[in-house]
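Structure first, commentary second.
When the chains are written out, they are named A, B and C in that same order, and each has its own residue count from 1.
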Amino acid sequence: MKGPIACTVTIVVGLLILAGYFIASPLIQNIRFFLLEWAIILAGVAGIVGIFSLLRTHWRKVRSREFGSLIVILAFLATFFIGLFLGADNPQFQYVVTGIQVPIESSLMAIVLFSLVFAAIRLFQKKNNLMGTIFLISMFVFLVTSSSILGMAQSIPGVGAVISAIQTLPVAGARGILLGISLGGIAAGIRILIGAERPYIG
Amino acid sequence: MSALNIILGLFFILLFAGLILIYSLPRMNKKPPILRKIEAVEKLKLAMGLTVEAGTRIHISLGNADLLSPYNGSALASLSVLEQVAVISQLADRKPIATAGNGAVAVLSQSVFKNSLEGKSITDIKESNQGQLAGTTPLSYTAGAINVIRKDQVSTNVFLGNYGTEVALLGQTSNQMKAITLGASDSLTAQAVLFAISDDPLIGEELFALPAYLGTKRIHIASVKIQDFFRWVLIVAMLAGAVLKFLGSL
Amino acid sequence: MPDRICPFCGKTNPEDAEVCMHCQARLISSSNPLSPSSSEAKQELSDWLNSTREDAAKNAGLPGVPSQTASGDSSQENTPEWLARIRERSRAEQEVAKADNSLFESPESPAPKTKESHPSKKAKAEEVKNEKPEEAWLEELRDEKDTMAGGEPGKADLGTPDIPPAESEDWLKKLDGWQDSPEAHPGQVKDEHGVWVKPFHTSDLKELGDHPELEAPTHVPSKKRPGKKEDPDQSWLEKTRQEAQKSEPPASVSPEEPIPDWLEELESSFPPPEPTKEKGVEKTKKGSGAPPVKIPPVGSIPTGSEEMPNWLKNIEPGSSRKSKPSAPAFIPGHDVEPLTPSQPLAEPPKEKPADMEGLAPAQLPSWLQAMRPVESVLPENLPTGETSGEKGSGALAGLADVIPIQEEAALVSKTSDSTPRLRVDDRQKVQAQLLESVLLEGSKAIEIPKPVQKKGRSAGRILVSLLITIFLAIPIVMGSNSRLMPSPVFFAPETVSMFTAIQTMAPNSRVLVILDYQPSLAGELQTASLPVIEHLMAQNAGLVFISTTPSGPILANTLAQLAQTATPGFDTNALLVNLGYLPGGAIGLQEFAQQPRYTSPITWTRFDAWSTPVLQAVTGLKDFNAVLILTESADTARIWIEQVLPTIPQTPSYLVTSQQSAALLLPYYNSSQLKGMISGIAGSKMYEMLLSKPGAAQFLWDSYQVGVILILVVILFGGIFSSILSQPKMTAPVAKDETP
């Protein structure tokens, strides 16, 4: 019984929102905004559900003697209660973001730099074919042209135009990929709209 | 939005949906579909079998896509692939794990796992942490997913969804653990990184074609056919527009 | 034309059929022997039979029918070999038939009764015989049938045969011969009692022991056993006779029952045999007028008291029960020992039974030998001969050596799950043991070993990481005095246009600043956007911050504080509003674009946002003078540019993004959807140079440039080095070890 009802609600709501995007009727627009607000609230609730699921996973790990998860749970609880009591605009609470989250994530992004460098080095071994060679050559070219190393050369009229033309090349390929991705996204959305795919039934 | 845009948009959506429905009918699918061979898909199928035989896990990473964002298509396609993988791998000694960077996608992944058990004579469904929210930001999700890759006996990592450059960390960890690494993303940045990191990357819209390759549902095959059809329509339209503009400028 | 009736199965066939359609027996050629009107056929048949009889008589010395003249002589001279064999066989059969009892024995009411009670019948039969000899036997048969049925003779409507008694006798003999021939019993052999059974190797049976009821019928060669004559037709007859002596006729079977139609047809097709003179036996003679043969009901055949022929006396009642048992392949109801690879298989005993010493055991092929069941299959307690003796009740009452259903049914038990022993050679035993060990090992859980990382690889990683870190840190340590890398000479046009647009912005303009980058890239974006914010603050523009990430409001506050430090004259209370976090992603953006007051009513400090001096006159996005997007992701920027900005086409839009997304977002500037763009540290450096106000970008410029060059070098040389190391080593071919 749950399946047909969920499927029906999905199809009706999806069609209403799609109609509201194209049709400028005030009634449909109002219904669309109403439904979108519900969707935003539900997305927030789903986020809370996901956070509780994460806490439960870490709690299970604590019970299986993985004490690193205990630190995670304690840090979560501390941040939650400090923000609840002090407020988001409190400078001490802001330090949680600026002093802990930003440095940690920035460090991880720095590690991404090294990971990319090592991946590029291993690319010589892994993909020793035409595509791999083209990838490496293009990597060098765009790294040079976009880093202003050739800043002085860009002032030369001919060179500047060539560099500008080279910098537009990835855009052409990217646009083609983005078009295909858009079509795939439309197909995935339509499958949900017509009820062919029902990941929400469980 | 102008009236022409509205009409064109509605016509496009209705035509797309109608063609998918028509091509998913049994009458239109009498012959088996001919899909071009994708090495990554073949490797994925092989990896799933090897993982089940070896008694290890498959890790499906669903990315950071939000269902309310325009990139929810990749999340939905990833959930379709997850369903196929879940059906195959649920009988394994170690159940597959899905990690997501968004709460709604994590909840849906749990629903997909639960749905894959229906109708099967599987009594042990207690492993409820198969669908996890690993983190709320991309880097925190990466840190949580790295933890899963390192500690949960994962031998195959499949990265599907919306990522940034942080997917390089996931791929590096997967390579360090000697796991099979496959990736597909709708983000151009992530595709470039996955090309260098993973064993067999999927470029562009191949992510959305994965359900047709892994499963046998007519709707997925019809979707792939219609995508190809409209791709050619767009190519012709762009070429025609460029030619006309060029001729107009003369 | 009347149909032809098959003499063997009794079914009708077309007139012109030569072979029966049902049993494929050869019909009498050219004419129906039972047809009374085919005199020509009778004549042909008579000639054939006469010739056969003549030959047989000549050979046997018996008085025969006057032979033919020249044709007969010539036929003798030109007799083919096959015909000679047939004649010889028929001669032999004649001898047997002479010593044969009547095929149809009379019931308890013997012939005298028929003679006495039906004298008219006898006279009539004699009369019929005198007039039509060929119809005599048929008439006798008919009479007998009447007697059995309790009716008067002569009322049975049987077809009159065309074959004379002598001919019928030969014909019957031929029928007997055919019945006894191997062609009639494909795949079977005749046992010592003349019963056709499927062949079974006697050497297997020797292992079973003395089980009389399990007799394996062996293929008796053509040489007859001494003292015993093969007569299959009489063996069962004897058995039934004996059983009838022991048992009473079943109640369900009464002599008064009418004869079924199939039996009538059978009677009509089988002429009665030559009667004998033995007492107690139905005497049927040609033309003797004896009553026809009466087929007694089952179990009612009298035995024992009558005088039996010699050959019949030699057949001992129940002798089959005393013979060696025949062992089946598998006996239900008896457990067998399970097959284990370690147990040696028992070899069959090689001794022969006493009465089989004269026979050489047959040589079985190897594959059949392997399939032979051994003694472990057989149960220890086989049912004895008494259990398979005469049936006491039921439909098979009085018959001996039938399948003992009742007794052995009780012995049927659940078969064991173990498989019978098979012949397994050493190689197969080894393979079975190997498989068993593999299966046992498979059930054990194997701990998955952790991957071992190569030591060399970690050293290389550490080395490269240290190298990059040191080279990046040197300019930072040196500070702003470093002049390692030259400043950019060429300014990007998108950066210049942005600078120009902000420079010419009217005072007290309202600028919507959308801060949408992650904390991981806060370093780059903050560095890139700081000079723009400072420039806007210097122009006294009202700044309204909003973010679609949860940490965005905090990052916006930090940015504003840093920018205010460089612009002390900026009134943050009047000109700065932070609307906080906007949930819903793209949907939230669309809603904010259409209904900003409704979507974000308060600031992140929980004050009324729309009562501040900056937002008092704002009712929608169109009331803002500019929109500035700060994001590192090309996807987020595209959402803003494609979803929100089209709603405010008159409002100029600017973008500050990371270097990684610059190439993808540049087309938006080229298509005039964006009025200006700053990409990464390089764009920020240019902007600072345009402002003539060095800032964080100046501080990081040298480090940035050195890092880019270093990474290019590391990738190039490291890749070449690793590809050389990964090549397979060329080793010298190993010389073959030549040992004497």
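Everything below uses one rule, namely that a residue touches a chain if its C-beta (ideal position, glycine included) is under 8 Å from a C-beta of that chain, and two chains touch if they have at least 3 such contacts.
Remember, predicted model here, so these are calculated numbers, not experimental data.
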Original post:
Which of line, ring, star, complete and other names the graph you get from chains that touch?
Top reply: complete
Subject >> Taking each chain's C-alpha mean as its centre, the one farthest from chain B >> reply: C
**OP:** Could you quickly compare B-C and A-B and let me know which has more C-beta contacts?
**Re:** A-B
**OP:** Quick one: report the Å distance separating chain A from chain C, using the average Cα coordinate of each chain.
**Re:** 49
**OP:** Quick one: report the Å distance separating chain B from chain C, using the average Cα coordinate of each chain.
**Re:** 36
Subject >> chain A and chain B, separation of their C-alpha mean positions in angstrom >> reply: 14
Subject >> Residue numbers of chain A (touch at least two other chains) >> reply: 39-40, 43, 105, 108-109, 118, 120, 122-123, 174
Original post:
Out of chain C, which residues touch more than one other chain, so two or more?
Top reply: 518-520, 551, 584-585, 587-588, 664
**OP:** Would you please write down the residue numbers of chain B that are in contact with two or more other chains?
**Re:** 66, 68, 70-71, 136-137, 139, 165-166, 188
Original post:
Where on chain C does chain B make contact in their complex?
Top reply: 446, 448, 451, 453, 518-520, 549-551, 584-588, 633-635, 639, 643, 660-661, 664
Original post:
Where on chain B is chain C touching in the complex?
Top reply: 54-56, 66, 68-71, 136-139, 153, 162, 164-166, 176-178, 187-189
Original post:
Any idea which chain A residues touch chain B in the complex?
Top reply: 18, 21-24, 39-40, 42-43, 46-51, 53-54, 56-57, 60, 66, 104-105, 108-109, 111-112, 115-116, 118-120, 122-123, 126, 135, 174, 176-181, 183-194, 196-202
Original post:
Which of the residues in chain B come into contact with chain A in the complex?
Top reply: 1, 6, 9-10, 13, 16-17, 20-21, 24, 66-68, 70-74, 76-77, 79-80, 83, 100, 102-104, 106-108, 110-115, 129, 131-137, 139-140, 142-144, 151, 165-166, 168-169, 171-172, 186, 188, 191, 193, 195-197, 199, 203-205, 207-209, 217, 219-220, 223, 226-227, 230-231, 234
**OP:** Using the touch rule from the top, collect the residues of chain A that touch chain C in their complex.
**Re:** 33, 36-37, 39-40, 43-44, 87-89, 94, 97-98, 101-102, 105-106, 108-109, 113-114, 117-118, 120-125, 128, 136, 139-140, 142-144, 146-149, 151-152, 154-155, 160, 167-168, 170-171, 174-175
